[in-house]
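In the two assemblies presented below, chain A is common to both, partnered first by chain B and then by chain C.
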Partner chain A sequence: MASRFTVSNRTGWLMAGPAVLLIAGFVILPFLLAVGLSFTNQRLVSPNPTEFVGLANYNQLLDLALLTVEPLKDDAGQTVLKDGVPEYPPIRSLTRNNPDRPDLNGMREWFSFSSGGDARLVVLARDVVFMKAIVNTFTFVIVVAPVQAGLALCLALLINQRLKGINIFRAIYFMPVVVSIVVVSLLWRLIYDGQSGLLNNLLGTLSFGMIPPIDWLGNPSTALGSIIAMSIWQAVGFHMVIWLSGLQTISPTLYEAAAIEGASKWQVFRYITWPGLRNTAVLILIVITMQAFGLFAQIDVMTNGGPLDSTHTIVFQAIERGYGKQDISGGSTISVILFVIVLSISLIQRWLTREKS
Partner chain B sequence: MALISPDNRGLRLATRYAVLVLIAVIFIFPLVFMLMSSLKPDQQLLLDSGSLRAFMPVGDISLENYSAAFRRAPVATFIFNSVLVTGITVVLSLAICSAAGFAFVFVNWKGRGVMLSILLATLIIPFETTAIPLLLLASKLPWIGLDGITWGWLNSYRVQIVPFIADGLTIYLFVQYFKDLPHELVEAARVEGASWPQIYRKIVMPLSGPILATAAILKFLVMYNQYLWPLMVTQEEGYRPVMVGLQYFFQLNVAWGEVMAYLSMITVPVLAFYLYLQKAFIASIASTGVKG
Partner chain C sequence: MASITLRDVRKSYGNAHVIKGVDIDIQDGEFCVFVGPSGCGKSTLLRMIAGLEDITSGSLAIGDTVVNDLPPAQRGVAMVFQSYAIFPHMTVRENVAFGLTIAGASKAEKDAKVAEAARILQMEHLLDRRPSQLSGGQRQRVAIGRAIVRKPEVFLFDEPLSNLDAALRMDMRMEIGKLHQQLGATMIYVTHDQVEAMTLADKIVVLRDGKVMQIGAPMDLYHDPANLFVAGFLGAPSMNFIDVTVKAVNGNSALVFNDALDPVEVSARRGPFRVGDRAILGLRPQYLSIAEGPGKLHGTVALTERLGAETVVEVALRNGKAVIAALSHDAVYPIGSAVDLGFDPAQAHLFQPEE
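Then we have the complex of A and B:
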């Protein structure tokens, strides 16, 4: 390829130029803008000039504090009991206008736990909803990544058999992938409906009416789980196809040799199939993780972050602020935090799955 | 060693098919439910969801929900917008990304290695992390049109098209594909005096059918199913695509029959297209997985 006939700076730049310019303008520039804007108080429309605010946006989102709260004592120095449990002063009385801890002003209780004795340790956050969004997003990713990858592999192994009509099944399993996640979310809202939803009716019929109807999306303990199940249903076919293309790169002679040696099905999987899928596995894990961190449309269509903030996610928060409240700097800050999380996780995944030589 | 008797084999085959069918039901039931429900009045739709009737076209069947959907929202406008935005983006994306791939693989120019690395590095940036600053940018960009220079791209077709024409994945797919083409063809053509545009048009493009199909299908799926971006940049209904148009149906008093009719209208064409080109669809997704 070093032939002098193929050297042409002009042609190279002319042909690659449009793509380079478009990506520079609409991917790289906005990304750099996100970083820059996260240190300002920029709004979409504002009469005031934009100011540099340093790390204030990050502090507003991520500030945490630990507070030890002693139970209330009566005049005799005895712990006040209410229904047999020690009573604690309201957190607000400790965070608002507390001369000893001015830094706690404006913080709210995120969660608390007992420290062994009567005292309770309270974790305070400046932005409790954002903390919940981070936890929800991580929960989503930690469940979806292995479950979806695993189910997709099972489906791929199932589809990889030589059976008449197997292509029809492959086509059906893949079908939800081409349907928009927005359509799927709206459809499942009716399936999950608390009264006449298909799922409740099915469970009721199977259990002869023993299981009472559940308001899947209206209940804080089931809402995120319901969204997880639906998301896996929609996307699993995508990764099935990628596993399948990985399976088809494994040489059939290996399987023939194993059959001659009399290997069991598990041995064939363990020593031939799985090692052959190594690169595919790494890729699938990274792709699912990146996709899962982007969780937004399902939330927007199904729950709007509720009930009780149980389905708020990082991207939903970024859009709610950056677009909904026109707080561009707040939304940008969340975007940068998300990028740092995604980047670190994919670097960790790459490091953990590196070729050991 | 147990011998496999014909009966035994038949039974095992039947079990395999039973498993396959059961899983197929799980993947297909919501779509069948959508289609059947779109034909029923609301009251019957909810009653039917208690039995298998939910998946059957029985009872008071009509296309009433479809005409009601057209009365509720400018459905035709939404469909037109989606088709226009998706079609133009796919065509421009194929032209610009294939040209870039061509330049990166066949042409020797200064800066090619660095540029390619930078473009591929953008694959790690999820769209969600650039959406908010892109919104700010789009609200301020200039445009030269028939009425001179105007500022701000919000509420337009271009704001839905231009940012999505070039992307790292599409360029990467073209680069991978071109690398496997015989380079001697290009070199020989150069030696014989063919111009670069001629080589691109007459030699490389005719050999690129599979990759053009793959890139087109992936872009089509992304563009037609866009939600977040058009939601933010189209406040005027004249520019809204079908996915954002959904909002007209699930705000107050959800009329499920109409919702299902609208969902069917925007989904069935895509499903039909998919079933018709099934092999190409699946091959295009599979090709995103053969990264080294």
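Then we have the complex of A and C:
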């Protein structure tokens, strides 16, 4: 006999209702809107009617071009040298009103490299800042995912012991997770302060003044690294707890069997612990990757994308455009691009870590 | 030589005394079974021998070496766990070869030894499967395979068959017996099942509440139990216990009786007994028979169970107590009919009552 609880559809929907409504209102609808708006020129407030613009927004963000630039020649056909290196014409002169390449109009140099001879290959992007944001975001993900996961695993292994007072350590490592990321970012702005920050003081004291103060967040070469370090520290406790739960699913008798066979600590990890953590590892990798792609609050609080655009990220760009510049369609387009990137990466991860039979 | 000697071995968890002073001698090549009810400390004792639990006090020697402080790997023991403890992510081959992999053996050596173990356990066809594709009995074979490849001097089994169904349990029991004959190693086998203990053991150690109740060969324990606990624990159906009064003591025997029992002279070697004492007479159901003429025990039939070759009769005695007789033939006894039971006094055991 079917139970009243398994057939009572109306009750089921009633109970799921609030969650379904909220998810529909705050996730599904905005997502569909974003996809729709990314094909228009919608602005936050504008007197003009919205128009359908096709892929123009995507083109504006993602358009890239390659340009070969020859060095300047003097009248005799000799390469002009300046301080011993060949001099090149300004890129602007080649992109603006160039009758041969009308498609380059409005593009700027992203980076360039030498192509063997004197000629240089210049990669042009229509939106250089967005390109930098993509590179920064990927850098962040590629560093944070393995380092944070690895560190969290080490902590979990250390903490998964029956020692007196081990719970104190568990609590300490988990503490940063419960503090809001905005608060953490504010605190770390003080730690990273260029003049009298805690970090500079610490380094100065430890090195007896050999290391001069560094403006961690004000220097393009250290800003992103500093944010990476802080972000790893902040969430490592969360992933430690997930690893810990994975560790505790491994049957203690497996360890006893290994002890009787004479396995060393490393062999125990290699043959029992690590294979037993497989599913946990997949989960943690995917979660960290997703979170890392969403990097925003730290940037917003600590650097605002600077210095010299060195800490712009995809989400920061989406919000800055959508609200800062009131360019809703541009922000929506960035969101859709991020969605496609994250979706492809998690599909690839799923495929790479699939159960091989 | 892998004899095993325990001297006054104790184990406490804080204030909980689990093993309370145990002395056991196990000869090289002997099959020794620790048997006792659940929670009596069998596993704890075995894990102390394996090195998985510290020994609180006393000494444990394997061969001539005291191994109290040696790690498990250096004791030359292999262990088979109740839950099998085979590694879920490895194939059967990798599982069986695990000890060799750990020791850094060559591939050729591993292949040869795994093949030999597989032949002994008749599981050649399983080698490339994963544990999830195996039945319970096959998993237990893998666990045993992993134990035998290293050729240890001592095998430890902790209730290896209790997760298997009855038919399989009997098969595996026989195989473990055969394995012992083939390998000739010392084996210690923990079980709460007295049938496994009786059939497999050279030597049985009966444990209760962390203390040894009796040690001996299965038939010695069966025919001459040292106390009420051992008498009641071994044998099925279990021994009948009848409260009696001692009427006379005559050297090594005593004359006992009660309302339902005519005075009978039985051995008093588990004494001492004095005239007028209360005592307990133990009678195995198999040694009771329905008397043709006047018997020694008087009562009425309360229940009969006909099993074909055997008939189990419950007899309500005149004094209100019940005894069970297991008769080795098929017969019908109407419920309520008066019967007299007879027995050979040489097969009766007299015990002092437990406090």
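Rule of thumb we're sticking to: the second predicted complex is superposed on the first by the 351 of 357 C-alpha atoms of A that agree within 3 Å, B and C clash if a C-alpha of one lies under 4 Å from a C-alpha of the other, contacts with A are read in each partner's own complex, and residues count from 1 in each chain.
The definition used in the following text is that contacts are C-beta pairs under 8 Å (C-beta built on N, C-alpha and C of every residue); 3 or more make two chains touch, one makes a residue touch a chain.
Small disclaimer: the values here were computed from a predicted structure and weren't measured.
Chain B and chain C, once both complexes are superposed via chain A, fit side by side.
Of the two partners chain B and chain C, more chain A residues are in touch with B.
Using the contact criterion defined above for the overlaid structures, shared-chain residue A:272 touches chain C, although it does not reach chain B. In the superposed model, A:211 lies in contact with neither chain B nor chain C. In the overlay built on the shared chain, the residue A:179 is in contact with chain B alone; chain C does not reach it. In the superposition on chain A, contact of A:263 is made with chain C only, not with chain B. By the document's definition of touching, of the two partners only chain C reaches A:254; chain B does not.
Once the two complexes are laid over each other on the shared chain, residue contacts for A:85 go to neither chain B nor chain C.
Applying the stated contact rule after C-alpha superposition, one finds that A:142 touches neither chain B nor chain C.
Between chain B and chain C, the shortest distance over C-alpha atoms in the superposed arrangement works out to 8 Å. Chain A residues in contact with chain B (one complex) as well as with chain C (other complex) do not exist. Listed in rising order, the residues of chain C touching chain A in the complex are 50-52, 71-74, 77-79, 81, 83, 85-90, 98-99, 101-103, 146, 150. Those residues of chain B whose C-beta lies close enough to touch chain A in the complex are 13, 16-17, 19-20, 23-24, 26-31, 33-34, 37, 46-47, 49-51, 54, 96-97, 99-100, 102-104, 106-112, 115, 118-119, 122, 124-137, 139, 162-168, 171, 183, 186-187, 190-191, 196, 200, 221, 224-225, 227-228, 231-232, 243, 246, 249-250, 256, 259, 263, 266-267, 270-271, 274-275, 278, 281-282, 285-292. On the side of chain A, the complex with chain B involves touching residues 1-3, 5-16, 18-20, 22-23, 26-31, 33-34, 37, 42, 44, 155, 158, 161, 163, 166-167, 169-184, 186-191, 196-198, 201, 233, 237-238, 241-242, 244-246, 279-280, 283-284, 290, 293-294, 296-297, 300-301, 315, 318-319, 322-323, 328, 331-332, 335-336, 338-339, 342-343, 346. Chain A contributes residues 251, 253-254, 256-264, 267, 271-272, 275-276, 278 to its touches with chain C in the complex.
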